[in-house]
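After this come two complexes, each holding chain A, first together with chain B and then together with chain C.
Here is the complex of A and B:
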């Protein structure tokens, strides 16, 4: 390497602890073995329940491995006085992390970002014309962040909206995929997300076969994106069936 | 599947499930038609019911409704009868908090106003708001329009609309004696209200 002339004073370099951990070579090499022993294209088992919060119009609790999320929906209720009149309903989303959600206390990863992404994912699926002048508030609380937080929040929010009786075009199911070197892993855990080269998240309406939101970050090649999208859409369809059966169980169970 | 008129509940459906083709079914409450593939989908979680039209109507398609299982979540709609409590009475209008829409109660109140010209059907320019409503009265009203950003516009301009229950100055629930007067059972005092005609 040609000699670097360092006459200029040393510039600031961040301290080693805040740099990314050195990725184990196994990631860039051949097959990645997942920490929880799943297959590369295997999602975590989902535990979904509606009606978790009594005081809300609708609510849902979702547990995907170590990622635990609770979403409450309030509304349709009166918009704040300051807001202008609108002949369609408004959606207001808020995602927050508890202080014990991450291994390091208080380290919430861009939750303001997640609120607007949740809004974009849900607004395509809600029939806003059915509640003019009013607002629906969606509050998501991440109790434990075990990776793939936003997809779990979105799927849980859609269950909560359906539990609240808000009219929807379809439920939304969301799955994300990580690119680790040559491997594509679905539904990554936090460790896999910290090593990832890129992330692709798809939110779709399974029964209508329409995508409401797709987020791609990092480096991807075109064939990889096609493959990842296909796998994610299949996973969304399966997750959609699980969500529907959860909704149906919630209605038929108390009647027994 | 043939279902009697609204009597038996059909199967449980979730939002986005296909209910039928729009050539065979009309979309009622809780369902919507997707124009690009002419299919009727459900928009709520609930039981699907079919209502057959009258034999002499031009459209022979039955209407499919999805009846939601939750009893709350009512939003005031135009033409709905609401129960509201009067909060403020001013010279030309009265403010009221809408508490029930039809038979369902709301979770959080909505604001409504009753304007002077909507209190009754006759002599609308001679209405005295203080002789029609007092703060604390429970009124049955009709939603005229969505109004502005602040409040729904309500009307009591029908016989069966108006004050349903009111407290007198002495604190007792008053008894209606005519469409303009109510009497306190404790003191015998007569107070003026726009009274709703309940019953036949």
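Here is the complex of A and C:
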């Protein structure tokens, strides 16, 4: 089991009050014991590092349990001559999987779909007016896919953008939640994802309390969606704080 | 819907099921944006929009990875477990685009599926477990697809501080963001996709969900009565 929790904060859990309210409804029905022994509303410990790639304007490496993602940002660069003049900047996103990322070799997920979702999640957060006529390229590479890939990619990409010095309205944190029978499970592993009945992914800007993207698959009743959104937004806020502390560490370290 | 015209067609072929889900059939949804709708759709132009629409439709109609919560019952498509199943290809074509493509496609697919008749298949009884079993596709008997579980898609577009349902192209050009919610007959949410760049307050999203549920009830009733009327016409012919 990957337990590389070096010098970054350990597990983060949503606030205790929400957990107490939900516990009765979770324990009924089939009791799902998570493969890595986490609580139902407990996210994986996050390892975040900026400056992973030296040749890029900005980059970040994120490890959430078994999901390892590296994102590098290039730009703002001159737009291709073929593109028209635009007085706001352009964002170009690309997500790809390595061939050894999944247990079965070469089983790449629909990466074009992920690229467009990454684009939509980030475009609401970047101040595009600050770099007219240029393009910012975000390239994400999933080194190992251990479940809940897209949220990790989005969070890591926003770290890389801040590392590159691109102006953002706020950092973007993203969390996904699976519905397994009666239980709501946050930050699913790939095993849990293959059994899931439904998935809810939220991308939000914690300080502004704005949701930039939300996708729901599977069948949900309205109270379940309310509950899931509440838990996810809580977790996003905590993740946002961890990302900020990582950025502060990166800045203060060279000064020592 | 208004000036938006879409065509949906359903084709079924015999195929081998996915190794990870041997008892389920396969459904694949693809949307093509034709240049007759918009000149910018020519060649690669419409590709991005096609992929976005196809993914959104797949999310709404097919549910989670384990197949639960799907609008279409995949296990009814299996013939011989692990060997032969029906492959359903749902193709949508956008002929004229005046906004709100997703809703129109959702309604068209629902209607197309209710009109679909899957031929009955007989499997040869003495096939050994290794070989491909012989299947006899009957031309006479058909199975009607069960479409009561299929959800409809409602898109709520946020313009300024209000949200509108069924936006035309003119209204969509002014939108800050849009949320497409797919609701089924029982009032449960089968899928939700947020499009557009601007951020939304979580309470607004919850409000939109309740509005969508309200509107969807009327839409489902209207659609079902239209489909029933159309089928009655067909039978008379």
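As a convention for this text, the second predicted complex is superposed on the first by the 227 of 256 C-alpha atoms of A that agree within 3 Å, B and C clash if a C-alpha of one lies under 4 Å from a C-alpha of the other, contacts with A are read in each partner's own complex, and residues count from 1 in each chain.
Here, a residue touches a chain if its C-beta (ideal position, glycine included) is under 8 Å from a C-beta of that chain, and two chains touch if they have at least 3 such contacts.
Source: prediction; values computed, not measured.
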According to the stated criteria, A:183 is in contact with first (chain B), second (chain C), both, or neither; which is it?
neither
Go through the superposed model and pick first if A:102 touches only chain B, second if only chain C, both, or neither.
neither
So, A:59: does it touch chain B (first), chain C (second), both, or neither?
neither
State whether A:127 touches chain B only (first), chain C only (second), both chains, or neither.
first
With the two structures laid over each other on chain A, which partner does A:248 touch: chain B (first), chain C (second), both, or neither?
first
Now for A:193: first (chain B), second (chain C), both, or neither, which partner does it touch?
second
A:162 in the overlay: touching chain B, chain C, both, or neither? Say first, second, both or neither.
first
Could you tell me if A:225 is touching chain B, chain C, both of them or neither one (first, second, both, neither)?
second
Output check: A:67 vs chain B and chain C. Expected answer is one of first, second, both, neither. What do you get?
neither
Chain A contact set shared between chain B and chain C covers 205, 208
How about chain A: which of its residues touch chain B in the complex?
57-58, 74, 76-79, 81, 83-85, 87, 127, 130-134, 162-171, 205-208, 243-244, 247-248, 251-252
Please output the residues of chain A touching chain C within their complex, sorted ascending.
110, 112-113, 116, 120, 123-125, 179, 193-199, 204-205, 208-222, 225-226, 229, 233
Of all residues in chain B, those that touch chain A in their complex
12, 14-18, 30, 32, 34, 41, 43-46, 68-70, 72-73, 75, 107-111, 146, 148-150
Over in the complex, which chain C residues touch chain A? Could you list them?
20, 48, 51-52, 55, 59, 63-66, 68-69, 177, 179, 184, 187-202, 205-206, 209-210, 213
